[in-house]
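Heads up, the next two complexes both have chain A, just with different partners, chain B and then chain C.
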Partner chain A sequence: MKARISTEWLSGCSGCHVAVVDLHEKLVNLAEHAQFVRLPVLADEKGYPEADIGIVEGAVRSDHDRECLLRMRESVKTLVAFGSCAVYGGPSGLGWLYGKDAVMETVYREGPTNAGGPGPDAAAVPLEESVVPIDEVVPVDFYLPGCAPHPYFIAAGLGALLGGKGTPLTEKTVCSECTRKMRKRPGVALRKGAVTAEEPDVCFLSQGVVCLGSVTLNRCKAPCPAAGTACAGCAGPSLDVITEPHLDLRNLVATRMHKLTGLEPSAVKAYFEENAATFYAYALASPVLYKKPTVELREWIGGR
Partner chain B sequence: MGQTIVVSPVTRIEGHARIALDLDDQGAVTKGHLQVLEIRGFEKLLLGMELSKMPLMTARLCGVCPAAHHLASVTAIEGGLGVAPPADAALLRELLYAGHILHSHALSNFVLSGPDLFLGIGAPPETRNVFHLLVADPDLAKKILRLRSLGQRTVEVVGGRGIHPVTVIPGGMSFRPAPKDLETIAGWGAEALALLAELGAVLQKGLAALADLRDRLAIPYPPLAFARDGRHTFLGGEIVVPAGSHGPERRFAPAAYAEHLVEHAVPGSYMKTVRLRGTPEASFFVGPLARLRVSASLSTPLADQKLQAFRERQGPQACALDNVEARWIEMLHCAERMARIPVELQGGPLAIPVEIRAGRYAGAIEAPRGLLVHDYTADAQGKLTAVNLIVATQNNYDAMDHAVTSVGGHFAGRGDDNLLLNGMEFALRCYDPCLACATHLAGRMPLEVEVRRGGRTLRTISRRTAP
Partner chain C sequence: MITVSIDEKACVGCSLCADACPTGVFTFDAAADLPRVSEPRECFGCLSCSEICPATAISHGELPLSESFYHDPYALRLAGLLTGNGGPRVHVPEDRAGGLADLGVRLLSVAWVLKDIMGNGLPVVGTIAGRTLANQLPRYQPPRNLPEALELARREFHPAWELSARAEGDSLSVEIGGCVLRDLCAREKVELGGELCVLFFNYLGGYLSHMGKTRLKPVGATRGAERCAYQWKRVD
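Showing the complex of A and B:
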């Protein structure tokens, strides 16, 4: 019998569902081994049929999300937190910084095109005060971060869950698949705000550009540095950062940049803290980061 | 006392939503209303972030049209700085975007609406999806998936990634694809043209079967779209609203959008609607059909040939159903450009240096679904202090509500809930609503219909097809 897969989309961008469609030809193979009993983006099932594997994209933002997630958990045997929003809150999780009223005030009151009338009335689905990753609400069996997870890892992850031998998911960082070479570049300046650098084959850190590849789990196959852009950390922290309370993105990157360029670690750390909203964007709603003893995200960013 | 029908969730669209249908005492539909159930609130979430990272961050507004946000963001930043990319960078952006439009339109026309067109809107819900199509007509389904993948793979090559591309930077591009990869893309363009020719015939057949819905899907509003010297454009140009019962013609620069557009919250929904400022304010519609009603040429031979025939058949009355053919014509244009751009590249510089400073950065492009505005204000440290976003689907809110009311009225009272639900969903799908974007926000489009009379819910129709 084919394995039954059910999917749900909470507060997220649908990119993780599109990533499943991006299996391209493999999607046809997958359909031979598994049956999608619920897939709201592509099919018309509105209920929560029983399934072997439940795939959840997005974080919990509203009462509606919570209800959908609970029903999903009840209806499936194995629940997968799929993508960085489900695992860590992702960009949706930036709402963790602010109360819901502050978000609503900005969206409906500020800005040059708001008419200034009342916001959505009481009939709108109530928002929760904050945004949380799904394992704050229900037990999760399997985590696949990534924004979106690369189809290679989706195939590997689903392959393992479907009982195939499959490829084991790597525990390495983005750097492990990056082809740029770390080089000593003493005296290089810290290039704040930059996402690109001159030398196409040399590590961004060597060139004074902050790249999060060394502190980010590889669920992407490192396409950004290959295409000239520094890693933004979208798959969330690497395993060493997750498991060691004293390790943090800014300390690890500052140490590496110091060794490559001589840049003062304190300057790099200060840049991270001043721009914490950018550098911690994908995982700040997760206790994995905000419970670290030296990480003060709300103080740095100025949320509630 | 009137009553209301709610369809929830709406499926096969990109977002979370339900429909409320108000009925009068006689059971006739008085008003249909799309309600969007999610909000992420990116205008707030982006505050304090670095302006220079916006092209990467704002792609995360939407997984279906990340390339549109990626490019709108860069367009806004370059507009604020007063710089333009070098010629090769402009061509690579156009190539990336041609791939993106092909992916997005193929997804909408064939993967999401395809089951309605190929199997009929009254087909049983469990068969109305691309997986059933894989069993029922594997050859057709594989062509559909192949066509979309040609677009998305082009984004993967030129944009570095398919979902949330990264290579467009203020001042140009961060990356040039290898010559052999560009050659491959040119081949994909030719392959896409062949697939589109075959699929076009199937599409026409499906549309002909739905011809009795044309009157119901009439759009009583003017189009709003970009044009450059009277020609169709996705990137650059000015915003045009032709003259009509709403008033004289309007033309304005994208950066001046706030002088012409106003947003309103609507009951029960997190998505805001957008109207033209004025007394009274006027509704409008955007997207593929709006673009083709505003411009007389797409500047590529095959698409222009089809556009001419399409325009000759078009009367003064716009019809939402024609978005399907408009998407097909735009896909032809994109495939023609994919085949051509690789040989137009000169090998010149890819980027000019830019320096971020304090100021206002507002700009817009045509997303696959229509006008997309990004507007940032940055301080001296290059950090955002204000953000405003108007996303394509918001612009179609009034038109979608009109369509739901009209089609709901057509199918209500026939005692066939399946036809009522999917009929209204199909009306929405003609606009290809992307609620992930529209609420900057999130969304599935699972449909639930709530039937209300006098504000009281009489019953809720929601599809349950599983055993």
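Showing the complex of A and C:
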């Protein structure tokens, strides 16, 4: 009998659902072993049919999200937090640092395109006070972060869940699949802002550009550095950052850049703190970061 | 003997492992652009190389795992479920009873000494300790009122204490089911209602007052072998 898969889309961009479609011809293989009984981007199923595997995209932002998630949890046997929003809160996790009122005020009353507008009326779904990852609301059985998760890992993860010859997903960082070579370049200056690096085969850190590859879990197969863009950390922190209280994105990157280029660690850390909303964008709302003694997101970014 | 292996496909050739190793386990083979494990017997498992490696390319076998008392259970579970089998390379002891018993005896001694020094001032020590805790946690989503503070306390004190609260008008009652201190007192044959109970009652009161942005005046406590109940009155 085919396994039944049900998916749900909370506060997210639908990119994770589109990533499922990116399985391409593997969808045919998947269809031999499973059927989708609920799939919001493709089919109009408003109920929550019983299913073996539940896949949830997006964070919990509103009362509506919470209700949908609870019904999803009740209707499925195994629940997967799918994509960085579901696992860590994702970019919308920034709302976690601010109260609901501050967010509404900024978006609907102070925003340049609708300043002075009436704002949403009472019929709109109420926002919750903050944004949280889904495991703050219900127990989660598996986590597949990524923005969106790469189809390779979706296939591997679903394969394992469907009882095929699934292999455990890699524990390594993005650097492990990066084709650039990390070199010592004493004297290189720290290059700030949205910049790339001249040498296409040499690591960004060696060239003074901050890249999060070494502190990010590989759920992407490193396409960004191959295309000339430093890693933005979209799949969330690497396992050492998650499990070790003293390790953090900024101190690990600062130490590595210091050893490669001689850059002062304090300068790199200061740059991280000034731009914390960017560097910590994908996992702001997760306790794995905000509970760390060295991470002071609220002091760096602001908020309430 | 500890074994060290390098995933050559993952390695990015930075040579930071060779720099970091305090005992010279690695030499860097510039021609192959790879580190080699040339002195494996020198490894004593400090994991400096693993920590600096950007590509998570170094792994160790036969490591004597140290018992972990400080790792966050949430983080360990998340790390395990992110990979399906991997996650933390730490050993979390299943049975912490030995350590807890030892800690418990010391805690009782500290409470006796405090009572000896402070006399009638003992409750204040508890209140200040509770307020101090409230000041430290949580820094990001502090509760806005007493019900939120009670809910947070229920989560944060679990599983060492099982708290359930009932508020009516200006009176607050907190029932305590499971309690590590009660277990400790039973084990060490210490009567209920002693120094530790006084300290904890006021500790909880100090914590809840500060977190719940209210003033709680202790009214009374009933204690039993299975459950205890603490009462406060709101005076603001």
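As a convention for this text, the second predicted complex is superposed on the first by the 299 of 304 C-alpha atoms of A that agree within 3 Å, B and C clash if a C-alpha of one lies under 4 Å from a C-alpha of the other, contacts with A are read in each partner's own complex, and residues count from 1 in each chain.
In the analysis below, contacts are C-beta pairs under 8 Å (C-beta built on N, C-alpha and C of every residue); 3 or more make two chains touch, one makes a residue touch a chain.
Small disclaimer: the values here were computed from a predicted structure and weren't measured.
Per the definitions stated earlier, placing chain B and chain C onto a shared chain A by superposition produces no clash, and the two fit side by side.
By the touch criterion stated above, A:R183 is placed in contact with chain C alone, chain B being left untouched. When both complexes are overlaid on chain A, the residue A:V37 reaches chain B alone and has no touch with chain C.
Of the two partner chains placed by superposition, only chain B is touched by A:Y98; chain C is not.
When the shared chain is aligned, chain C comes close enough to touch A:T170, but chain B does not. With both structures placed on the common chain, the touch criterion links A:T113 to chain B but leaves chain C unconnected.
After the chain A superposition, the centres of chain B and chain C are separated by 150° when viewed from the C-alpha centre of chain A, nearest 10. In the superposition on chain A, contact of A:P126 is made with neither chain B nor chain C.
Put chain B and chain C next to each other and count what each touches on chain A; the higher total goes to B.
Of the two partner chains, chain C is the only one touched by A:L247; chain B is not. Of all Cα pairs spanning chain B and chain C in the superposition, the closest are 17 Å apart.
Residues 97 of chain A are contacted both by chain B in one complex and by chain C in the other. Taken together, the chain A residues at the contact with chain C in this complex read 96-97, 129-130, 135, 140-143, 145, 157, 160, 166, 168-173, 175-178, 180-184, 203, 205-206, 213-214, 217, 238-240, 242-243, 245, 247, 255-256, 259-260, 287-288, 290-291, 297-298. Put simply, chain B touches chain A in their complex at residues 8-9, 11-12, 14-16, 35, 37-41, 43-53, 56-57, 60-64, 66, 107, 111-112, 125-126, 128-131, 134, 142, 145, 148-149, 152-153, 156, 159-164, 166-167, 169, 173-175, 257-258, 261-270, 272, 274, 351, 356, 375, 381-383, 386-388, 390, 422, 436, 442-448, 462-467. Residue ranges on chain C touching chain A, taken from their complex, read 7, 9-10, 12-16, 19, 33, 50-52, 54-57, 70-72, 74-76, 78-79, 81-88, 90, 139-141. By the touch criterion given at the top, residues 8-19, 21-22, 24-25, 27-28, 31, 35-50, 58, 61-62, 64-65, 90-92, 94-95, 97-98, 102-104, 106-108, 110-115, 117-121, 123-125, 127, 147-148, 192-196, 220, 223-224, 226-229, 232, 234, 274-275, 277-278, 281, 301-302 of chain A touch chain B in their complex.
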